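Consider the two complexes below, in which chain A is the common component and chain B and chain C are the respective partners.
For the complex of A and B:
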């Protein structure tokens, strides 16, 4: 197990490093010159060549890209992410704040997804092929097929404009969390619910459950005690994937609701060619995604003894 | 909802106006470029304001004058003005502000930074500026926001680094977060105080969400270039809602196409003229802007100083004349109707920055269809702002859609920046020739209005004759607000928020 963990950690490190290198390369392969873009936005108007050169030197953009990358990497590994070119503030503080908001949204959305998908998936499997099941399937299909941004506008229209119950933007109170959480969570919950229903139906037909029922357990209690551990692995796998999407990829929903998370912070940095911020966010997101998947992989052994290594 | 407590019909209520801004607010430092200009306008004031009609209006200076040669300008400061922190606004504060930004490379886009050679303070209420050469737009440039507006000398830390927002304006900053600014009325303001007591600026990044927040009443006003534009498809919704009102103003910025005039086919003035004649500007105004724009009569909108003209024949849609001009230039239709010269079809690319205004892509598509009718094969290339800038700087385009700067920068900044040969050999204006250079220099150095007026008319005439650019349309200014907000008015520039809000009253709900 120790060796396995070490190998996985090494893998994870390589993936994260590779991602940061790739994103640095992309910034330099993009058709526009970062110094030009920064000069135009920092100095206003159409900057003249002397001003662009000044920006290039001031931010160290005159060095070859690999020198810049190595210099950034050395500092980043020591925990020094530098200052944002766009705001002049310490990146570590800004990223931590954005990460906090992203985590709040991602954790609550995931909790909502687990609750809704777990309950509705199991319930639908137990009521398989009844009218309720079919209605739920239809509703789930609808939620899973609707694009998030469209759902967001629909929710804003219903709950903010028509009913006036919930705010349409911002992050000031827990009420502000509800609409972005629903916009992100309904589709994910629908997908996970369908998976759960299929998995549970699969298990319900298996011999060990029939045996459990023969011993006098009800269908529901047999399923809870014996069936659910068996479906936990694919459930966790999809959940981990969706959670990492929520943390790093909620750009559209964050922008729509002006939610100050990592996604909108990152997009602002890309528009500004704020290289140190882009790199810091890429490093963070890559670490989170790799970390969440690693944790999920490790959890399989805990959830299902058959998947444990060695012994 | 803010500002809508229980009150009789039409009665005044506790008054806070909530506005939406489409971008991060920044630190509200008037000397850098990271802050929202409309927010800065509430806090900071210039010596001279750009009036609603384009004429200079006294602000922190009560009067001014220049020597006959136009080289020395003397400003008399308004007495008994203090910054929000109580620091007196005097000649020393003015000099301290000028010294912070004059000559800094960051502000080189503003010609004034290089033209002012000396700032003197003969007494506490007088400031004298010495210029390198006569430069009439000095009053217009002194009215811009960044970097010329006045910060309290006590609003910086021991190293001179900006520490907190503090100006002389009608509004004081009560609290500022990344996405929310709360301002309160400056009770010690020297001028007419606003009617309402507070302004809250909330950042809402998405344009559709801004509209939704206005409809739900969370926000009371949206629109304008610095607060965040209104998407054209939302206009009908906004107009249909009785709780909302739409406020429009005449155009101040315009769109035009720059041509690659040094290479074929645009090195031939007849081709440039033909393209002007081939575009149906009225059609674009009606179909794309629903009438909320003006067909261009020249490179600048008609509200810009020294622009007094009506449309010449060049800008009237006339495809048959365009065809005959192209035929004169040697371009003749082949069997499929495509224009050909020496075996080469008339093909070109039009570069468009789609990030600035949502309508730009539709305009480009309309132009594509219109010029196709006379046999020109036009391809579109869409850019974000940085890609557009790169194309402009490297002259890597045949046609490039571009904007004027709007007041208070125009007409002089655009002419000087895009249509005059730059001193640096690698600078790339959109069009240059010696005759136009001479006219622009003479206009900028002119010291009396009639001469300047004549010179500008010659510039416009010359630009028409040479078809220097292909002017398109000037979109109207567009705002929307809750009907309960009354007294809103538009100033001379898009960032004149202090002026816009000065007479605003929020009426209670029935």
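For the complex of A and C:
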């Protein structure tokens, strides 16, 4: 297990390191001279060439790219991503504030997804091929194809404008959480529910459940006690994937509901061409994805003893 | 998790048969191409199947209409007529007009043309990159395989939409940047799929037979392995196109994808946003169109998965 862990950690580390290189090189894609941009932002207006040269030297922009990269990397590893060009604030503080909001949204959405998908998936499997099952499946298929942002429009239209029950933008109270959560969660719940149904149906046909039933358990209780642990691994795998999407990819929904998370922070930076912030967010998102997948991979051994290594 | 490898020229026996990589959370489970079928395939009968078939039909109809937009659209999609702004649906304007007096039905068709062609280009590029890398890795084995799969792991960790936005954020919004970055960040499922299929295939007797007959690796790969791989890949393409249409619409919705005045479904939605309360006829059509096309491709992918392997 120790060796496996070490190997996985090294692997994850390499990927993150590769991402740092990629996100650093982004600055070379930019058509504008970074020294010019920084000088214009710090000094205001149009800086003269001497000022630009001073900035270039001061920030080490005249050094070879790998020296600059190493400097940027050592600072980034210490949590110093520099200042945002747009706001002039330290990026780390802004990013962690945004990440906090994104985490809140992602955790609540995932809780909603697990609850809905778990219950509806198992229920549909137990009622396999009845009309209810078919209706639920159909509804799931529709939900999985609805574009999130259009769903958000419809939800705003119904619950915020027509009924006036829920706020449609901002993040002041927990009521503000509901509409973004539903917009993000319905599609994900539909996908996870579909997977759950398939997995449960697969397990229901197996011998060990028949044995459990022969010993006097009902179908539902046999499934809950013996069947569900067996579907945990694929369930967690999809959930982890969806969770990483929520943390890094809820850009449109966050922007639409003006939820001050990572997504809307990132979009503001992209519109402003704020390259230091873009670099930091790319690095952070890749790390989140790698981290979530690593945790999920490590959890499989806990969930399913057959997958444990080193025996 | 690493698989046994076979190099061209090495003796082949079922004993060295590769155990396929099963990586939960990767494309196979995520995209639902896992071949675990319920005892009775609900697709062949019943309500769900009929609705899905209807969805596929409507989606194709919409695509065909969109591609015929230059002939079928009754108005110029970008012609501004402020006097005719914000009209409700009528016989003159089937879906009404927007705030600038542009005909919504014409815009819808032209926007579909944009979405479908952009998505097709991206899908073909993605497919080409992913398939060639996957086939190469699976067939050659050894160091090349290792390197390709490490590259795949790396690219898979990069969220396509974040990277695309990063490139747009540094270079400014443009169509080539959008197409290239999306294609270069989303090929990994194809590479993994193609590689695992090749690993599966090279222990098949008919491949061994062709090999024994002295066929060159290139011939085996292109004439025998590639056609057999196409079925599962078609499922992946079908799923992928829906995703690409969603992503492009999403980017345009953020104002960073297709730039106005070119009509695009996502951009039409965001234009309609201020009039959500007063003019629902502007919000419904583009959203419904995206939904229909995505639904059609998802349903198509499921039907392809359900089809017994020939």
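By our rule, the second predicted complex is superposed on the first by the 270 of 311 C-alpha atoms of A that agree within 3 Å, B and C clash if a C-alpha of one lies under 4 Å from a C-alpha of the other, contacts with A are read in each partner's own complex, and residues count from 1 in each chain.
Please note the rule applied: contacts are C-beta pairs under 8 Å (C-beta built on N, C-alpha and C of every residue); 3 or more make two chains touch, one makes a residue touch a chain.
Since we're looking at a predicted model, the values are computed, not measured.
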Applying the document's definition of touch, where does A:285 land relative to chain B and chain C: first, second, both, or neither? second
Please work out whether A:85 is in contact with chain B alone, chain C alone, both, or neither, and reply first, second, both or neither. neither
May I ask you to decide whether A:18 touches chain B, chain C, both, or neither, giving the answer as first, second, both or neither? second
Just chain B (first), just chain C (second), both, or neither: which does A:300 touch? second
Partner chain in contact with A:182 - chain B first, chain C second, else both or neither: neither
Between chain B and chain C, more extensive residue contact with chain A: C
First (chain B), second (chain C), both or neither: which does A:257 touch? first
First (chain B), second (chain C), both or neither: which does A:231 touch? neither
For A:33, using the defined touch cut-off, is the partner it touches chain B, chain C, both, or neither? Pick first, second, both or neither. first
Mind working out whether A:157 is in touch with chain B, chain C, both or neither, as first, second, both or neither? both
Common interface positions of chain A, toward chain B and toward chain C: 31, 153, 156-157, 161, 255, 271, 273
Going by the contact rule at the top, pick out the chain A residues touching chain C in the complex. 11, 14-15, 18-19, 22-23, 26-27, 29-31, 128-129, 131, 133-135, 137-138, 141-142, 144-150, 153-154, 156-157, 161, 191, 194-195, 197-199, 201-202, 205, 233-234, 236-238, 240-241, 245, 248-249, 251-252, 255, 266-267, 269-271, 273-275, 278-279, 281-282, 285-286, 289-290, 293, 296-297, 300
Show me the residue ranges of chain B that touch chain A in the complex, using the header's touch definition. 24, 26-27, 32-34, 105-110, 146, 178-180, 202-206, 208-209, 212-213, 215-218, 384-387, 389-390, 392-393, 405, 413, 417-418, 422, 424, 426-427
Please give the residue numbers of chain C that touch chain A in the complex, ascending. 24-25, 29-30, 32, 34, 36-40, 42, 46-48, 51-52, 150, 153-154, 157-159, 161-163, 165-172, 242, 246, 249-250, 253-256, 266, 269, 273, 276-277, 280, 283, 286-287, 290-291, 294-295, 298-299
Under the definition above, what is the set of chain A residues touching chain B in their complex? 31-33, 36-37, 40-51, 54, 86-88, 153, 156-157, 160-161, 164, 167-170, 255-258, 260, 264, 268, 271, 273
